[in-house]
């Protein structure tokens, strides 16, 4: 059992700290092998970003703590992968 | 004979338990090598998610039991793959 | 000569038996290495599915028997591949 | 010199013989390694299909004989590849 | 120095000789490893085709002679690759 | 810990110095393995470019210094990847 | 340090010399491993082409000299890659 292997999060953050600081802090969490942050929308006070975290036996609670300590908030969990093999979403005719 | 290798399910769940809890429980089922959950729509009380489960000789009934014990319901089975080789859907001119 | 290597079928089936049962029965046919079923449309009494079957020297008649014994009907054969090498459809400017 | 390696044909055929029979006969031709047939349009009496044939030193005349003996007709040759290396069509800005 | 490795040509040809004959003649030219011909448009007297030729140190003049001897004409050269490495066109934001 | 592995930046620069000069200077920064610059829009005085920088333990501050010393300005950080594995953004149904 | 590895140029040239001549001359420049030229638009006197040049430590000035000596002109530099690793442009949500 390797638990959660990937989390995809929709996050609202203030401009400071920067995406670089948030990326580095998340990448140092136990079990995390890599993170990707991308910018969706920028407002006067905030920015909406998407965070993809990959690793072994990821601990969502610790991810949430880091994000909230930096003054950001998780809007929604958009994707989760778990198990010994990283499974991708499969498109079916119902998605078209 | 390896039976069912992939199930793609359209599921309606309450907000609690979380997608992480559901992903972990499904990934611990016998024969499951990995699961992917992705969020389609969020309502006030529920969320519509898509679940892709891969493994060997998957037991649909046991998958259904876990999903229903967590208060969720399977709307439809959108895809199934079975056999010794994982076959993907092939696009033909009839799909265009 | 390995005969037919792939069949892509447009099938109308009643809700019961399930796609899982149909997938398992087809995957146990002689020569079949794997099957993929995906859901196109659901009606009150029936569901329209697409079946992709891969293997060596596939016997269309036996596939048809299994499908019809389960109360389903083949609407059309949308794709066939035969020979020692699995050839994919090649797009040309005439398809655009 | 390996001659023609691929033919892509636009063919009109009666419903009988089936696409399976046509695929098998073409796959048994000398030099053919594999064939792919896909359904484009179905009419009351006929069906319009696309045939992709791959192999070494393919003989177009023999392909045409098989197709016509089964009561079908080649509408157009949509693609041809020849030589020792299978070259794909390259998209340029002129195609956009 | 390997000179020209790929030519993409827009060609207008009469219906006879066939695309198969043209493909075979071009594939036998010195330095040519493979050719791909695809049909763009058919008129009463002519057909517009796209020819992709790959090889080492291709001689455009000899290609042109073969094409013109068969009664066809090169409308435009749509792509050329030269050098020791086959370089593909790279898309930039200016192409979108 | 390898820190930041990729930065994607939206930059406004004067026409001089050239994209080549900027690319070379960035590629010589400690930890940088490669950079890609692409042109988005050109105005009379300025050009809007996108810069992708890859490497190990990238130092955003040093990147910013080089860019600003050349008279350019970073409009926004559009993407960041950090950790020992380079993670790509994963598309979910929320992006469609 | 390998300097510039790729240049993508938007070029306006007279019909003569041909794209083949320009491709060959550029491919013989020091450091160049391969070039790709593709045709965008044709006018009565000129043609607009896109040139992709790949190699090690490319010298933009020498590229420019060759292009101008043939009577052509560089409209814009649309892409540049530099460093020891060839980095591709990464798409972010800001590009959609």
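A, B, C, D, E, F and G are the chain letters, set down in written order, and residue numbers restart from 1 in every chain.
Here is the rule we go by: contacts are C-beta pairs under 8 Å (C-beta built on N, C-alpha and C of every residue); 3 or more make two chains touch, one makes a residue touch a chain.
Everything numeric in this text was worked out from a predicted model, so none of it was measured.
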Mutual neighbours - chains that touch subunit A and subunit G alike: F
Approximate Å spacing (C-alpha centroids) for the pair subunit A, subunit F: 22
Distance from subunit F to subunit E - Cα centre to Cα centre, in angstrom: 39
Junction residues of subunit B - those touching two or more other chains: 8, 38-39, 50, 76, 78-79, 89, 92-95
Touch-based graph of the chains, sorted into line, ring, star, complete or other: other
In the complex, subunit F residues that touch subunit E: 38-40, 50
Of subunit A, residues touching subunit B in the complex: 1, 3-5, 7-8, 60, 76-90, 92-95
Residue ranges of subunit C touching subunit E (in the complex, touch as defined): 92-94
Sites on subunit D touched by subunit C in the complex: 6, 8, 10, 18-20, 23-24, 26-28, 32-39, 42, 50, 52-54, 76, 78-79, 89, 95
